[in-house]
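First chain A sits with chain B, and in the next complex the same chain sits with chain C.
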Partner chain A sequence: MGRYLLVTIQVDMHDRLAMALQDDLMEQIRRHKAEGVLIDISALDLVDSFIGRMLGNIAAMARILDADTVVTGMRPAVAITLVELGLSLTGVRTALNVERGMELLETAREERETGDGRSQG
Partner chain B sequence: MAVVRDEQVSVRSEDEVVRVRQLAREWAISLGFGLVDQTKIVTAASELARNTVIYGGGGTVRLQAMNDGARRGLRLTFEDQGPGIADLQLALKDGYSTGTGLGLGLSGAKRLMSEFEIDSTPGQGTRVAVTRWK
Partner chain C sequence: MTDGAKSALPSLISRQEKEILDDWVKLQLSSETHRSDLVTERDVRNESQRFLEAMRTAIAGGSDIRTPEWNDVKSLLTELSQSRARQGFSPSETATFVLSLKQPLFARIRTDFAKDPGALADATWAATTLLDKLGLLTMEVYQKGREGVIQRQQEELLELSTPVVRLWDNVVAVPLIGTLDSARTQVVMENLLQEIVNLGAAIAIIDITGVPTVDTLVAQHLLKAVAAARLMGADCIISGIRPQIAQTIVHLGVDLGDVVTKATLADAFALALKRNGLTVTKVSAVSTAS
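== the complex of A and B ==
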């Protein structure tokens, strides 16, 4: 297993809190030399454009810090609404639940260690 | 068309945006909307409430439970006395924003609701009314 950060969002976040989470997470990636971040949103009953943008930002920033991001547990009603809103969460990996999300992070890490699995040999 | 319940609350801060989301959820549940519709209503409310705070400098939202024959609906009317919107057509375009957002607030809210009305006068303010029918 690599070093992963697991974040679960449990409250209805106002915008400042979402921004604080984003900043805090970047600091924690650096401090723990994390290779992956798993954000579980199964408790969220809404993802609007602000929270959607925050998730996209986290994935993009984490990538620059050499960590993978996966968002897990999005409720079906939230997913339906998000697409209708016009947000497709491009660049954000998602998984059904935490277990699948961890598998995804492990796979991404293995691929990275073998240099993408293709360029070797 | 009859208004069976009516309430107005202020939308002046991020905390009040969260409060508007919670109120919209409570009203949608009490009107018998299903989970997907509730989520759409709450998300539209969140986008419009944020616009009221950020672009309108704060304002109000009026929640109204509507009866139209056999149909029941929830109407949300956001009003501010902010700078107004100079070009409504442009403001309704996906991806257009004068701020730092994604430009999905107005256009997204329009798609999530059954009816959408907007009036804006530069220098005087903006009024956005959205309704979701069951």
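== the complex of A and C ==
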């Protein structure tokens, strides 16, 4: 979608799939010169510490490749699990749904371009 | 203990049931633990009569209250002390019912065995152990009844005290009242997150005006809720922090991190509106402007 990559996770993630996704995503960011990555996990209802860490890693890696990451559509049960696991994903932006996630990417991009970082949304 | 003394009790009760009952009821009514506001004289008489009848039948089979013959007596006592626990009788007022039977019973034993001190002591001993056992049973049931009441109230509190209210489009608030423990935080968190999804809220205000104390544990619970809400894509504002609580938080060295805090719910709401790009204006100002 334009300058942004949209990833939706539809199946239960297992470790190898998560690693494949991570590799693939980095490759795609480089190839498309993406400025933002939106990961929609609204269909994901099971997480473990590995997946949680992986989401954090993807955000950090994307940041190095100069792309923002937004995680959207997290379910309440998943959010509670991640918090109980002690993974609050600092540094990852979150939004309620894909639409809001896109808005967030837009504003984040604008903020970065103006170099202000504190503009009114 | 002689067989004479053992069998003396049942025969004594059946022979003088009427007199014992009269004395017993009189004693209960005149005792300082009698609650004339909660039970009438007729109720006392009825209950006493039923109890004495049941006891007369049961005691013929022996004075061991674990035997099935005593089931009637026990269920009668259970019913009585449960209903008294619910009505608000104090423990001693409840126990007096059984224990006050001692005096009329002992008086009869004394006149019966006036000539034989050994048998008198035996019979008194048998009667007192029996009534003590029944008294203990009453107390046990009474306690259980009270515990049941407490537990039910706790559950009701848990349900009552965790509403999530919608203040505006995209803005929800949770007014927390009472002490936060792990179980409550869990319920609050689940409700909050579910409402965030249902209403599509972007900002959640957690108001802790009604939370009496904030210690490290409560603060940690709050931070968990905030972190979970953030993961869902909603910003959290904690409001209603009283000056004393602010002091406690700092003294305890609790780090609230980058959580936005406001002194009052109104401030938090104003901030939420501002983030939504909304302002509140007086109607007159709008009409003169147009």
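Keep this in mind: the second predicted complex is superposed on the first by the 114 of 121 C-alpha atoms of A that agree within 3 Å, B and C clash if a C-alpha of one lies under 4 Å from a C-alpha of the other, contacts with A are read in each partner's own complex, and residues count from 1 in each chain.
Rule of thumb we're sticking to: a contact is a pair of C-beta atoms (placed from the backbone, for glycine too) under 8 Å apart; a residue touches a chain by one contact, two chains touch by 3 or more.
Fair warning: this is a prediction, and the values are worked out from it, not measured in the lab.
Legend: residue contacts after superposition of the two complexes on their common chain; A:Ile80 is shown touching both chain B and chain C.
Once the two complexes are overlaid on the shared chain, A:Asn97 sits against chain C while remaining clear of chain B. Touch criterion met: A:Ser88 reaches chain C, while chain B stays clear of it.
Within the superposed three-chain model, A:Thr72 lies in touch with chain C and out of touch with chain B [touch as defined at top]. With both structures placed on the common chain, the touch criterion links A:Asp48 to chain B but leaves chain C unconnected. When the two structures are aligned on the shared chain, A:Asp12 is found in touch with chain B, with no touch to chain C. Chain A residues 75-76, 78, 80, 82, 84 lie at the interface with chain B in one structure and with chain C in the other. Remark: chain B residues 14-15, 17-18, 21-22, 25, 35-36, 38-40, 42-43, 46-47, 50, 94, 101-102, 104-105, 107-108, 111-112 touch chain A in the complex. Interface of chain C with chain A (complex): residues 189-190, 193-194, 196-197, 200-202, 224, 227-234, 275, 277.
Considering their complex, residues 71-76, 78-80, 82-84, 88-89, 94-97, 100-101, 120-121 of chain A touch chain C. Partner chain B is touched in their complex by these residues of chain A: 12-16, 45-50, 52-53, 75-78, 80-82, 84-87.
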